[in-house]
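The two complexes that follow have subunit A in common; it is paired with subunit B in the first and with subunit C in the second.
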Partner chain A sequence: MEKHEVKQRALARYKQERDWFAFLLQAAEYMDTPEGKLQVKMLRILLESKQNVIDCVEQDKPFVAAYFCTAPELFTAMDLPWFMIMETPFLAASAPYILEDLQGTEELGLGTDLCTAIRLPIYYIETGQMPVPSAVIGLLSPCDGTTMLQQVLQHNKAWHDVPIFCPDPPYKSDERAINYFANELRQMVRFVEKHTGHRLEIDRLRAVCEESNRTYALWQEYNELRRAVPSPHGWEIGGPQAFGVSQCFRAGDPRCTDWFRQLLECGEERVKAGRGANDYAPEKIRLLWFDIMPHGWIQEFMPWLEQEWGAVLVMDMFSNFPYTMIDTTSEETMFHDLAKRNLIDVPMIRQARGTAENFSGDIIRMVKDYKIDAVIWPGHMGHKDGAATAGIMRETCRDLGVPFLHIGVDLFDKRYTSVDEVKAKVSEFFSGMGLG
Partner chain B sequence: MDTTIRSEAFQTFADAAGSIMNPAVREWRAQGGKVVGYFCSHMPTELLMAAGLLPFRMRGTGSEGTELSDAYFTSINCSFPRHTFNLALKGDYDFLDGLVCVSSCDHVRRVYDNWKQALPTPFLRIMSLPKKVDDPQVEWYRDEINLLKDDLEQHFNVVISDERLREAIRLRNETRRLQRQLYFLRKEKHPRITGAETLAVMVAGSAMPAEQYNPLLQRLLEDLSQANGERGKTDYRARLMIVGSELDDPEYVDIIENQGGLVVTDSICYGTRTMWVDVDEQAADPVEALARYYIQERPSCPRMNGDQPRREKFVQDLIQEFAVDGVIGERMLFCDFWCAEHYMNKQDFKEAGIPFLQLDREYITSGKGQLMTRVQAFLETMGK
Partner chain C sequence: MSFDDQISRVATHLTELRANGRAVREFRLPASADALRQGVPVRLGPGANPRIILRSETFIELGSPAAGSCALVLWTGNPALIADGRLTVVGPDIPEAAGASLPFGQILLVGGQELTDAEHQTVAQTQYVADQIEGYMVKSSSRNIWSRVSHGAAAKGFCFETLGRSLMAIYKSSLPKVQAMEVVFVTSSREDVLGLAGMAQEVREIGAEIVKEHWKAKGYDLDCDLDCRSCHDKEVCDDIRKVAAARLRKEKGGSATAAPPARESREADGPAPIGGTDA
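Then we have the complex of A and B:
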């Protein structure tokens, strides 16, 4: 495929996704609730981010393709537009074209045991449906699939000449590992400066990090609210959006902080009023969903959990971490703490990159802090390190005296395990454990 | 595995490859020697040798099920760690005095966590293996090796001097040199050793002391050399190369060869990737030499980002050198590394006009009929 053809094809596809979010925004604008207003605000930030990338492609301005855990505060400080290579499975898996795209990944000849969140971006790259950036910041954790995604990307003819830098995440989590990763981030900045012309000013980075700290402080405060019984929010608002706003769109942007402030106020009001997540289905089971949300079939499953069982998703893997505040004293402290945050704090990287301690540690912490009645490990087909930790998670829950369910699903592709089958397994589990 | 090699040395290798506990390990232990298991060919075994320990590469040879390890792993995990860990849970690895894992892949790295939970092996460590091949990664791995060195010295009450390390490197390089000689024999039009037989020799090298293995391999080379003229494979239809991951079962290669595809070389982690290049014996710092070798110099595996063009060149050079007619890409199910690597191989081989067959497999060779059919069809499509 010629370069201009890739450009047009990628633009058309990217605009299609933007339009999907614009449609969701229109729908959200009809929701006259504080939570609805939060959705609206988030979608506006998201749409702006998408439009920035479209503008860059159309006007040949520099932009990068990267990931949420590659210190996005740095991109904000450099005033550099970027998009997440795995954006579609993470943010748009409910879009109407996803099943067709998944079929496309199979026709490409990629093994169906390869994670769908990896297969989809490979499919978009290989079929010229992803905007070719000025530079790529690749991701080598948390799983083998991400490492291979970077390599297929470099192998692709349209992307072959695009400069790429992948910070190398060590397997360990000690001070030596943090310093090593901080050095990788420094190299990353030099690389981005060289290939985009955008410069990093340390005072600007300080301001962005301070803003980012405010965001994370509000997030922590909000998470405290979810300890309330009943929990003020469930699956519909909270963690996944907070993750998107704080890490995927404009990390360290005052509008993100404002979104969190509004989220907090919204939660506080509900707690004060003693209102739970669902006004029509009282909270009976407090759930920890220990994985990504089932983005591909979320609407078909999560409301059912609340309505059928009164099961409220009080916490999930993407929503609760002991996020490190960035010490903005000096350039050195900022890089150190950005390294720590992006190596040890951020979701998935935190659990799946290194040894299994964080799997069990996080489960113990969340079960105790949030009065969890049951833990569900959905067992996404791509999370092989997690699958190899299933015994440890089960044992951890047994020690805590909290029921544990491992299902075996594809969080993005509902053909893998049908939603009805998931519902049946969950129902059997709740009944068997005397819950609900 | 059927063999026509008349050599006692070969029989010793075949026996060692066909079981976990072999006479060499038994003898080593009987003399008070300690054995440390390891996963992954990125483990610098020279360090264990310099500590006076016998490095033993972990396998699931002889495993018949995963009934015990299924409590730890799930059905979307690779069957290699599941079978190997199952053997450990059954007690087949009770002879180990230690185990060193490497953060090699999503499946194998979790053996460390599960082992820690379930088994009382006194020395258990994991090494953080970088995913890139640049100088900062060499430095990181050098420090990892030094940390392991300190731990080994402390736990086993030994001193790993630079001299001992240099001697271990020299000994291990000698193994590599001999193994390359064995491979060179396979360049012949009528190779005197098959792919299955070669794999048995290579696997045995990870389960015996090098002091014993090297002279035996030298003897095998002499036996094969004397057999010149008497023997040599003539009845094959095509010369094949195997590219893939952990393959330690000669039976698997034997099935391929029984269909008429003679495996003359490979890029697998019991094959060329472990011995095509030597560690620098003249380097000022032997630890740094090891780090540089394991990160930058040896042929890499797909987990090393940014090195795919070099890997592809390595494979294509071997194809030329060994006059390969076609390539079989084997991977164990659920292996993301080799899934994507073979996807790229397929494109590169297509451009280069090299026939390529992708095979998914379980660790324990099963589905023999299907494998036979696929290989037969592959040979036919090659016009062989």
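Then we have the complex of A and C:
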């Protein structure tokens, strides 16, 4: 496919996705609740970031493709629009065309044992449905699949002359590793400056990092609220959105901070009033969902958990807060702390990049802090690294005396394990463990 | 493994703080868990703090990122290294700092003849007291202690002696192998607290090794086998090292004498597999 053809095709798809979110926004505007207003605010931030990318494509302005874990504060500081290569599975898995696209990945010959979050972007690249950026920031962790994604785009005709830089994530998590990765981020900045013409001013980076700190401080404060019994929110608000707003659209932006401020106020009100996540289904089981949310079938499953079992998703891997703030004293401290955050703290990378102790340590802490009654490791088919540590998680939960369930699902494709099957397994688990 | 070396360095650190004119107070607390509990003005035990402490209910915050925080749990199999029941407070106490956000260093020294690596994770995790102290909440931060004392607890006389007694009582009652325990709190300044950061990093690294060995004994490897002699990727790895070294030389202003093999460079301007020439 020629470049101009890809441009038109990718624009059409990207606009279709934008319009999907615009439709969700229209629906959210009818929700006259504080939580509904939060959804509206978040969707506006998301839509703006989408529109920025569309503008860049249409007007031939520079923008990059990157990931939530490649220090997005740097892009904000450089005033550089960006989009996440895995954006559709992470943010738009509820879109009506997803099943058709999944079918498309199979017709393309991609193995169905390949992580769907990687398979979909490969499909979009190969079929010319992803905007071709000015430069790519690639990802070499947490799994082999992400590395392969970079290889695919380098061999695609429309992408093969797009410059790419992949910050190299070391295996360890000590100071040496953090300093090494900080240097990788510096090189990433030089690379981005060279290929986009956008410059990084250190004072601007400081301002963005300070804003990011304000955002994260509010997130942490909010997370404390989820320790309350009953938890003020469940799956519907506060968890995955917090991850999205802080890392996926425009990190270190006052509007994101404002979203968290509102989230916190909203949560505090519910805690003060003793209100749980679902006014019609009292909290009976406090759940830890230790993975990405099941974005492909979330609406069919999560409300059922609350209504049928009173099982409230109090915490999940992406809502967890292991972050530390960025010390803005100097350029060196900022890069050091951005490196720490993006190498050690961010979800999935935290668990699966290096040694496996966080699979155990994080569960211990979350179970204790959030009064968790049961831990579910959904066992996403793409998380083969995690599958290797299911034994560690099970042993950890056994030591804690907390029931542990390993299912085996595709978080984005409900054809892998049907939602009914998942419900049956979960019901059997709750009954067998005397939780329901 | 144990933390005997770090335990002796804590004493040195305290001596230095004294020499630098910091206000240091020492308390002698009873040895038994029951006697420790008797002097605590708030409820203690699972569920003693059933509610979270909201911002509006906070009397004082300890160890916020802005104020500075550092937490260490050091255990030893030689209880003689620990002055059982000693509580040392460097800097202002809780009642003296209403409404403040104080820097916070917390050092727990734990001794027991039967303490081994097998207990390490439990000993380290017990510092996160969850809901066991009425009016006291440790926030869910990852490496340090960031906590809150409520107005209600402060009104009942919650101070560092309360916290020290509570921590000692919790440790001694939940971990029967603990024979001696000493607690140090530092609130004098951010610098005094962050002066412990280097030791905290060492402790984390030793702790990670202990945890790794613990899981290995159970039949699980947390870590990959990094023995270069048996690794199939040694050749690639050696090439990458050469690239990294050459790049470092280039950055420092020297010439990169060894030209990097194209396939290992991670930056590409053209159609090369993961890499290509340096842009």
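Assume the second predicted complex is superposed on the first by the 436 of 436 C-alpha atoms of A that agree within 3 Å, B and C clash if a C-alpha of one lies under 4 Å from a C-alpha of the other, contacts with A are read in each partner's own complex, and residues count from 1 in each chain.
Just so we're on the same page, a residue touches a chain if its C-beta (ideal position, glycine included) is under 8 Å from a C-beta of that chain, and two chains touch if they have at least 3 such contacts.
Please read these numbers as outputs of a predicted model, since none were measured by experiment.
In the superposition on chain A, A:D19 makes contact with neither subunit B nor subunit C. Of the two partner chains placed by superposition, A:D55 touches none, neither subunit B nor subunit C. Once the two complexes are laid over each other on the shared chain, residue contacts for A:E428 go to neither subunit B nor subunit C.
Once chain A of one complex is fitted onto chain A of the other, the partner contacts of A:I392 extend to both subunit B and subunit C. When the shared chain is aligned, subunit B and subunit C each come close enough to touch A:Q151. Applying the stated contact rule after C-alpha superposition, one finds that A:D420 touches neither subunit B nor subunit C.
In the superposed pair of complexes, A:G408 makes contact with subunit B only, with no contact to subunit C. After overlaying the two complexes on the shared chain, residue contacts for A:G379 are found with subunit B alone; subunit C is out of touch.
Contacts of A:L110 after superposition on the shared chain: subunit B is touched, whereas subunit C is not. Shared interface residues of subunit A (contacting subunit B in one complex, subunit C in the other): 138, 140, 147, 150-151, 154-155, 164, 166, 168, 171, 187, 355-356, 389, 391-392, 395. The residues of subunit B lying in touch with subunit A in their complex are 71-78, 81, 103, 105-107, 109-114, 117, 126-132, 136-137, 140, 143, 302-303, 305-306, 308, 333-337, 339-341, 343-344, 346-347, 360. Of all residues in subunit C, only 50-52, 54-55, 65-66, 121, 125, 128, 130-131, 137, 139-143, 201, 205, 208, 211-212, 215, 218-224, 226, 266-274, 279 touch subunit A in the complex they form. Residues 138, 140, 147, 150-151, 154-155, 160-161, 163-168, 171, 174-175, 187, 191, 194-195, 213, 217, 220-221, 223-225, 227-229, 268, 271-272, 321-325, 345, 355-357, 360-361, 364-366, 368-369, 371, 389, 391-392, 395 of subunit A are the ones touching subunit C in the complex. The residues of subunit A lying in touch with subunit B in their complex are 108-111, 113-115, 118, 122, 138, 140-141, 143-145, 147-152, 154-155, 164, 166, 168-172, 176-177, 180, 183-184, 187, 352, 354-356, 379, 381, 384-385, 387-392, 395, 406, 408.
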